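Presented sequentially are two complexes of chain A, the first with chain B as partner and the second with chain C.
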Partner chain A sequence: MMPTTRATTRRRPTDDAPVIRAALLALAVAIFALLIAAPAAIVLAGALHLGIGHYAHAIADPSTIAAARLTLVVLAYAIPVNVVFGVAAAWSIARFDFPGRAALVVALDLPLAVSPVISGLVFVLLFGARAPLGAWLIAHRTPIVFATPGIVLATVFVTFPFVARELIPAFASLETSVDEAAIVSGATGWQLLTRITLPSVRTAVISGVALAAARAAGEFGAVAVVSGSIAGRTNTLPLHIASLYNAGDSTGAFAVASLLVALALITLAIRWASER
Partner chain B sequence: MTPHRRRRRALPGLPLTLSITTTGALLFVVTPLATILATATRLSNGSFAAVALNARALAAYRLTFGTALSASALATLSGLLLAWVITRYRFPGRRLLDALIDLPYALPTAVLGLALTAAYTTTSLLGAPLAALGLHVAFTPAGITLALTTLGIPLVVRALTPVLATRPFDAEEASAVLGATRWQTFIRVTLPTITPALLTGAALTFARGIGEYGSVVFIAGNMPFRTEVAPLLIMTRIEEFDDGAATAIATTLLAVSLTLLLVIARLERHAAIRAGLSPRTRQ
Partner chain C sequence: MTSTSLVPRSVTLHNVTRVFSPTTPAVAGVSLHVDPGALLALLGPSGAGKTTLLRLIAGLDYADAGRIHLGADDITDLPARQRGLGVVFQQYALFQHLNVFENIAFPLRVRHRPRAEIADRVDELLTLMQLDGFATRRIAQISGGQAQRVALARALAPRPSVLLLDEPFGALDTQVRHELRRWLAALHDELHVTTILITHDQEEAFDLADRVAVLRDGHLEQIGAPADLLTHPATPFVEAFLARANSHPHARRISVRR
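Entry: the complex of A and B
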């Protein structure tokens, strides 16, 4: 900002006093350590507390493997739905004006303001054994609630606006003349999207997918309502952690939780790397 | 907003993308809300009040809104501090701190709840010293507030970092050169420009806190009338196959949180206009 060479050594009038600076920095690090770092470290320490053998045993348990498999199935549905919807929403909302555009933007924010438990309740009301549609589906041997379809639906519902929220501002910030040039030169909309638009907002795509994946793998409330927590069948990894913990196996719960801590750290690392 | 957006009708793809978006919004936003409301209207007024406004439910709302409000205030203060340090100071580990701030957002809520409970029970590393001071965290409303604050911090930091990083440098410098103290500059110049972002962070934390289940269920203790939050009460009613009661409580919770969100969105616009900024487009 300041052209003089002395500016690097002298304190600028908008800099905080060294004492204030040190105090604020110490306080910030303390808050981070007490609320974020320490609890994560305690999970990892608790997981290994009875030794690596016990840890491996908890991870390799058939019910843990089944829970991990179900979580992967959920991700395999939730992520593509999220991406297709997110790209469509960003394309239409960020680039066109149409009646009801503002209402659509508000509608996208709503799922984030609704309790996950209420999201789960919706599926019980629609597809539960006490609902006409649910009773009919159960009679035809395709139960939704207390089965995999309900878990997938609830997760898609909860994570649904994640990619859209990252992509809308990213699409809106792109230079419009490039699009026009591409279209005038004869590119189709699909070519414009896949060759120009998406590559230029790569960071937002990666960030949105990473957050949606973390949330989908970790969703608890909505899934807890529709799953029934049948061990080995309708437990996702977070539900399995709760089952283990409630059964008094806290070391096992910490061991499975450590997998999800690792997944969260990988998510953050991917975002970090994509932003550089 | 901008004139060139209206010109861009030449761009293809609106019918397809808009129908996908609208179908998604109808399926995943309108249908669920309509289902809840339709179920709620089938209850008579008397039975609605009996299940949604009885003493246990009122205690749950009080706890839910009270802890969400305290957490919103605490997360706003802590988030401001962390965002300030990350954007304004240069120190070793700054980028790592910046990345790890998002951990509570990326972590499954159940894992966060489990971790905080393990850290703050009366016999654990952080809980024992606090218990010696007479402050019991796990299985009390303080524990719920702690979990909601932790969840809120990344929301506040993410709302603030863009505005703190691209602050009106000139205004702050002018204020300082004209003789204002650092504190006066912060209160009179910096704070008004970041107020809309602060309100956004506070509102997001509050909205998240009202509905939170995964982390709270571990740390709360879940005693009716004392540490039972409204989402947990909904869960309990669902497990008792009492869909009517669950829906009535859910409707009450939805009504309050959506009203508050609208009020806060309005406040945000006013703050933005007063600060001389164009109203921030919601992301």
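Entry: the complex of A and C
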């Protein structure tokens, strides 16, 4: 046997054959390039193809700025609500046994299983002008549907599983003896939560928040139903992109889309940094 | 707790009982006393109730009957965090997201001690535990023997009056066990903190303890100085249990301290 072939035949028994390794890697790279990298590049190219001036004009348009602001407002409400709900739900599911625990676990997946359009419709049916509750709220000058509160509610609904789902396995893997060590060390319940428990699951929280933020910023279906797409008032970034595109302004649509791509890259970067 | 040295206190149990299942109580009417600064070993086979008894003293579980005293104070109903005891858990239970320094500092941080005092105390303990230079290491980066000493340092940081050790050497290999045992004996002689140590290893109990309590099925079979237990075993169980120790190759070298 030639010495050069020795090294290649001497791979560990659990290693895959080089040809399988190369094939799988090539497939992954090809799918990534075709379905992710290429569209992202097309968005940027489309946004810039009429020149940087046109791009800046589309971004600085008052209706774009209003849409970006509304998206940030939605994020500012949805993320904290998600974190509080996610921590409470995940802690309950991971640590307590209570009637309805299994039902809660299933209910967590509901927003992922149901079409976002239906999630939006639920709020229209509940808070629309034809529903008693909606009529009462409109009479008291706090409309939910076709206004910011409805957009926030619909966004919270479609994003609430993300933080909880990341946290359940993280909480379940914490050892009781570590909590006990903190308690006998003199920690109060609050100190245990803020100094030991939450820092221990920091990566899972950040990961869940990043996913929820990405979904909240990009949500179209549920928000489209409740917002009514009033330009400058109830348009979020994704809705604004759709109206620009439908009006034939594809360069403007791509320009605004590049903002969402940038937001997605920021959340990915935060996730990546938290796992190192 | 501003004094520079810790003040050892006695531990007294009166008829302490803990029942998980009615037919076989985990701890059944155990009464015992540990003098201030003494080292008591709780010895017995698996399932004898050693850990349950230690958890009752630590306040991590509550007795169904009986009283527990720390010095003159009845601590039976006192929450664990107010008992001010040092506890070393079987698997150390260190805080993985904190480094060595912050693990040891934790009991002082939750007590809101001044920054400078915490730094001084942790440095002092790092030296005492022969962990100089390890302050910034992550818990995942230290060996089992070092983790054991970090756990001990964390337990000692707030100068507890009593130290509870649950199988402190259980997870370590024989070589490290023996080294740490000698070192713990020296440390106890120096600090004189009242210590209750769980072990199922007779040699370890006899080597370290002033007095040994033999437990079986939740009952206290006998408590006494190691020499007394060997010469006057109170029950056939104690005699048989210790006979196994005497057949051990190290048995001829059993040293009875003090």
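Please note the rule applied: the second predicted complex is superposed on the first by the 261 of 276 C-alpha atoms of A that agree within 3 Å, B and C clash if a C-alpha of one lies under 4 Å from a C-alpha of the other, contacts with A are read in each partner's own complex, and residues count from 1 in each chain.
By our rule, a residue touches a chain if its C-beta (ideal position, glycine included) is under 8 Å from a C-beta of that chain, and two chains touch if they have at least 3 such contacts.
Predicted, not measured: the structure shown is a model, and the values here were computed from it.
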Looking at chain A, which partner touches more of its residues: chain C or chain B?
-> B
Touched partner set for A:T14, first chain B, second chain C, both or neither | first
If you stack the two complexes on chain A, which partner ends up touching A:I183: first (chain B), second (chain C), both, or neither?
-> both
Could you look at A:A257 and tell me whether it touches chain B, chain C, both or neither (first, second, both, neither)?
-> first
What part of chain A is shared between its chain B contacts and its chain C contacts?
-> 180, 183, 188
Which positions of chain A touch chain B when the two form their complex?
-> 1, 12-14, 16-17, 20-21, 24-25, 27-29, 31-32, 34-40, 42-43, 46, 84-85, 87-89, 91-93, 95-98, 104-122, 124-126, 128, 130, 156-157, 160, 165, 168-169, 172, 176, 179-180, 183, 188-189, 193, 210-211, 214, 217-221, 224-225, 237-239, 241-242, 245, 250, 253-254, 257, 260-261, 264-265, 267-269, 271-272
Can you check the complex and tell me which residues of chain B touch chain A?
-> 4-6, 8-14, 16-18, 20-22, 24-25, 28-33, 35-36, 39, 78, 81-82, 84-85, 88-89, 91, 95, 97, 99-112, 114-116, 118-119, 124-126, 146, 149-150, 153, 169, 172-173, 176-177, 182, 185, 204, 207-208, 210-214, 217-218, 230-232, 234-235, 238, 241, 243, 246-247, 250, 253-254, 257-258, 261, 281-283
Can you check the complex and tell me which residues of chain C touch chain A?
-> 58-60, 80-87, 89-91, 93-98, 106-107, 109-111, 154, 158
Residues of chain A defined as touching chain C within the complex = 175, 177-178, 180-188, 191, 195-196, 199-200, 202
